[in-house]
Amino acid sequence: MQLQQSTWQEVEAYLAGSSGIIVPIGSTEQHGPNGLIGTDAICPETVARGVGEETATLVAPTLSIGMSQHHMAFPGSMTLKPSTLLLVIVEVVESLARHGFDRIYFLNGHGGNIATLGAAINEVYASGLEAADRPLRLRQRNWWSGEKVRKLQQKLYGRADGAHATASEVALSWFAHPDSVKDVEMSPKIAPMGPIRDAEDFRRSFPDGRMGSDPSLASVEAGSDLYDAAVGDVRRDFEAFVG
Amino acid sequence: MQLQQSTWQEVEAYLAGSSGIIVPIGSTEQHGPNGLIGTDAICPETVARGVGEETATLVAPTLSIGMSQHHMAFPGSMTLKPSTLLLVIVEVVESLARHGFDRIYFLNGHGGNIATLGAAINEVYASGLEAADRPLRLRQRNWWSGEKVRKLQQKLYGRADGAHATASEVALSWFAHPDSVKDVEMSPKIAPMGPIRDAEDFRRSFPDGRMGSDPSLASVEAGSDLYDAAVGDVRRDFEAFVG
Amino acid sequence: MQLQQSTWQEVEAYLAGSSGIIVPIGSTEQHGPNGLIGTDAICPETVARGVGEETATLVAPTLSIGMSQHHMAFPGSMTLKPSTLLLVIVEVVESLARHGFDRIYFLNGHGGNIATLGAAINEVYASGLEAADRPLRLRQRNWWSGEKVRKLQQKLYGRADGAHATASEVALSWFAHPDSVKDVEMSPKIAPMGPIRDAEDFRRSFPDGRMGSDPSLASVEAGSDLYDAAVGDVRRDFEAFVG
Amino acid sequence: MQLQQSTWQEVEAYLAGSSGIIVPIGSTEQHGPNGLIGTDAICPETVARGVGEETATLVAPTLSIGMSQHHMAFPGSMTLKPSTLLLVIVEVVESLARHGFDRIYFLNGHGGNIATLGAAINEVYASGLEAADRPLRLRQRNWWSGEKVRKLQQKLYGRADGAHATASEVALSWFAHPDSVKDVEMSPKIAPMGPIRDAEDFRRSFPDGRMGSDPSLASVEAGSDLYDAAVGDVRRDFEAFVG
Amino acid sequence: MQLQQSTWQEVEAYLAGSSGIIVPIGSTEQHGPNGLIGTDAICPETVARGVGEETATLVAPTLSIGMSQHHMAFPGSMTLKPSTLLLVIVEVVESLARHGFDRIYFLNGHGGNIATLGAAINEVYASGLEAADRPLRLRQRNWWSGEKVRKLQQKLYGRADGAHATASEVALSWFAHPDSVKDVEMSPKIAPMGPIRDAEDFRRSFPDGRMGSDPSLASVEAGSDLYDAAVGDVRRDFEAFVG
Amino acid sequence: MQLQQSTWQEVEAYLAGSSGIIVPIGSTEQHGPNGLIGTDAICPETVARGVGEETATLVAPTLSIGMSQHHMAFPGSMTLKPSTLLLVIVEVVESLARHGFDRIYFLNGHGGNIATLGAAINEVYASGLEAADRPLRLRQRNWWSGEKVRKLQQKLYGRADGAHATASEVALSWFAHPDSVKDVEMSPKIAPMGPIRDAEDFRRSFPDGRMGSDPSLASVEAGSDLYDAAVGDVRRDFEAFVG
């Protein structure tokens, strides 16, 4: 169930029986030579919809622009300041809590969002906000953090999965958008690794945008398997959260 | 061309020849008994993609959550404070300007965003921001403000089109999501009109969420015609803006 | 009745019978070769006082500095950022609402304020603020938007009234400050028109500050007639608002 | 010379020879049984205009709403939060500095503004702002702090002048607005003194709004003498500042 | 009693009998050739601990970084913007008030903090905050403002005490940290005086960081006497505040 | 070398040879029945001073108040909002970078600070700030994250070390303040574990403030060993960072 394709009466009916909702949050940033700029938004959105269908859970619209300052030297990347993203997340929670959603689950697709999501969740708790007079619980979770996904990544790509523009996220985004598969050769096969700092430094250290990965190994088929694994992992985690 | 389904190298190549981009901006708010909560985001996103295809223009990810405080008494509505939405818009512009986009066109789907969009555009101009050392130009435009759309609305629905949850926006959103067509009877046929104030007052005055409209008149076919009209209107306006 | 020339006991007595107040809001910005920098503050202040006298309504001190970023390339112009002006308007409302004013009417003199005023009004509604436990209603209105003024502008100046540093606003400000009438020849007679963008661009496009107007046609006599028309228009609109 | 009654060309001409400007800043708050709510704005505005005339100095529009939280239990009082007033003052300075005003003199009429004015001046200095590439100097001064005024207050009223709604400020405001003289008996003759805290406490401790004063002693004549003394004091201080 | 060296149960027990707390606030900024960068934090912290011991009062952790923008041209100086320092102070008060501390006494060591402290205290009062449903009282006081200290300064150093990097504050900080005594010759013996403006100007006017002082006169012995005097002064003032 | 006990000339000399600095950051919050409220500030401050001595590195004053909202139901706990703490950290960096410190190392003592520290570091990088025209590098590190400490914790306490008010942090703080050792019996011996949410929930779930720990096992001797281990771990990490 997608919130944006429901009517308000349908949401009212939903709230009579459930009070959980999944909010996908991602980013709009370069993902190397064959990865889509929207990879980090597409992945959690796709997984969230899968979990939403299996568990009859509402899925909010995706927060597509995250904290991507370190990618801003690559054309097309967009970013919010951490302090602004924090406000957005807080007001998303305030909006949903007003209607009685008391289990709000952020399914995250971008490592760069984790710190700000954590700060925002603390900001909400510090405010004492409740959901229609009931305690409010928030959780953030990365789509790739569950056991099934991690095992599958290891099996599919080993260390070639890498740290940014990973083979597995490219595969999952291609599964979601098979029309957007790009056939690009990588040189070197596996990109270098190193610390992430500011945007200019990032582009100097990682000139094609990848970190430690060989995303030419990605395929729609692998993406399909990763989708199944991620939906399984997230479903279990979400059910424990709302249960 | 959608930004989120492009690679950064594709964006780099695009910027060698064009510097315009369309940013759809909408809302997540109730749209009456048969209108989708995402109507105001779906409509400009759909029209923007049509214009993007016809004119080979990049389309940024949709800003799906707008200023909808007056709808917050209806379940599922989400809102940002005007001051927060202003920051988001400013940082979207800053991100795009950094890459050299100097004609940024906000295609808007929600009347409640107009004031804040205008304030944000002024905030950017006041900051003296440039796009890679070139003057920066911003424009906001509603998808329904062109002549073709207005004539067609009048012809299709006359005064029954209304002011919120209009027959024409419901039709356009159904054209975009034909699986989401809802068959709901309206009572009264045409909803009341009146001033918009705060959320509680809105629900008292407009108990099913409609203002002045009879969206049971909507249809996918009418949506298709409205789509063509809107793409024509917006294309002309956009081309004048970037030309 | 001017708030600043009343005592608190007089305001207390006033609130026993009325709960409306007019807040003039303008700007401090260039108005061409013969227009006063304070034109946009002087006009709504003058009209507000007229309506205040006729209807025994309190008039708050004028918010004299508005959103004028696009005029900042002309000496003497002052501006607040939209985000700051928004805060000021919100706190003006909070102050007045605390005392029980529940019909707060912003009489505006500057087009550049409209978006921010709208955003601020939404920010207040979004906050759920009440006036001494009663619903709070806010309205913004331009002094020139009523029917009488628009007819008179058309009759007096036709298209030579223009869009900035208009003949009619110069006339009205001279009526308020006859000592400040300036005799300046205009060249060209009617200033050019075009889009408003940032400050440097504004001065390049409109080198003497006028847009589309010939304010050498202004006169104290015309200002007097415009005053009568504006007081009539605004009075009717205000009475409908508080009634 | 008042900024609001000048044209931009007159300001341009002024800046060729001078770069100082006076900005009156006051408040809108109760001033006891016979004092005007605008007292603290009227007084510095009146003195500033006097100094402006004598020294051919521009006077900016008065910042009429100050930091008056402790008066908010009395009807008609208005306040900005310190953090908002700080932003307003900073942006006033930024506006003026852009045009080349490098000696900006805040003539203050309200004790409650002093801390925030000081903080704002520090905020500007911390930002490194310059006035058209020249060092920027800011100063705040109360209209009553000079030697002539203090001697005259002592001579006219002694300890009955008090601390809020003082006889001397009421007198000066009446000199500026002789139509607004109010004949009110005070009981007790001299109001109590004590610490200032929050609004509710203030009204409990000082039920008619006065602190330590007997403003029934005020007169237009005394106001005239205070005006002369204040113009003399402020003129000397201002000339030392710009000289 | 230092808060940071107590357990929460000890604080709970304390609050059963007392509701006052001392919060030292200082700065981290140059203090001339022989003064410690932490002088303005060390002094109020030392005095606060003395008063805390004598009166069995809790002392909060020192706010060590203040508003020091005018010292930023000297290496090692640190500053918060006034607007940020204001937020910190407000949230310190909110934290303490939540537990029932209703007499919060800021013992200040830095003149540059006074304006912002005053603004912050007003911001708290404006918010209507209470301490566990009781009225909240705040006070700021400089450690050097009492009669005993001022007499002793005069006796010890006369006009050579100066205005920044004073002999007396250097002496007190050395009393607190005798290991940090520095033997430095001053040239000229007494530093120049003049207005404080921005950082670059400060360093030009006061090249070694002192203003009007000869801190080579400082000694641990004098610091000990100043400590006794300050503890006496502050104790009396604090007891009147909480009494 | 402690910044607060240095003169500005000593810092100037230091910067000629080094550009690294350690900034301890902690919190002021309950740490169970025998742990000090300042534990999380005392621990990184103590370790930072040890590393500072061994490596001749400057140590800035400790940021003692962190993000502790979830501890606010226990008396004595203090907290900043994440958004405020973010500003403080950013301005600390701006201050230090101005002087040429280009390797700023935050040694953290509190898990609740990690997210906000990460967001703040991103905010700085997003701003493009440099240190005297050189690239700026920031790092956050917990004092307990190194290999030596983790091994020692395991050896000393095993799973009884716990998650909050740990035996090891209590031991280290006692080593720093042996006068503050408290002899308190714990019941149950090992505190419960579970998720951290808002303040009221925290106190319900963890009534004496501990999470998973038995801090009655702490001792000054163990604290001494933990100090040696932590100084070793942090020294190696810091030297790699600045090297």
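By written order: A, B, C, D, E and F. Residues from 1 in each chain.
The rule is short, and it goes like this: contacts are C-beta pairs under 8 Å (C-beta built on N, C-alpha and C of every residue); 3 or more make two chains touch, one makes a residue touch a chain.
Predicted model only: the values in this text are computed from it and were never measured.
A.B. asks: Greatest Cα-centroid separation from subunit D: which chain?
C.D. replies: A
A.B. asks: Would you kindly tell me how far, in whole Å, the mean C-alpha position of subunit E lies from that of subunit A?
C.D. replies: Whole-Å distance between the two chain centres: 47.
A.B. asks: Starting from the mean Cα coordinates of subunit E and subunit F, work out the distance between those two points in Å.
C.D. replies: The mean C-alpha positions of subunit E and subunit F differ by 24 Å.
A.B. asks: Of all residues in subunit F, which are in touch with two or more distinct other chains?
C.D. replies: As it turns out, subunit F has residues touching two or more other chains at 72, 79, 81, 87.
A.B. asks: Once you draw an edge for every pair of touching chains, what topology comes out, line, ring, star, complete or other?
C.D. replies: ring
A.B. asks: If you go round the ring from subunit A to subunit B and onward, which chains do you meet, in order?
C.D. replies: Start: subunit A; next: subunit B; complete ring order: A, B, C, D, E, F.
A.B. asks: Spell out the part of subunit D that touches subunit C in their complex, as residue ranges.
C.D. replies: 2-12, 15, 28, 30-38, 41-42, 60-65, 72, 74-81, 84, 87-88, 91-92, 95-96, 98-100, 177, 179-180, 182, 184, 209
A.B. asks: Write out the stretch or stretches of subunit D touching subunit E in their complex.
C.D. replies: Checking each residue of subunit D against subunit E gives 67, 69-70, 72, 79, 81-83, 86-87, 112, 114-120, 122-123, 125-126, 128, 135-137, 197-199, 201.
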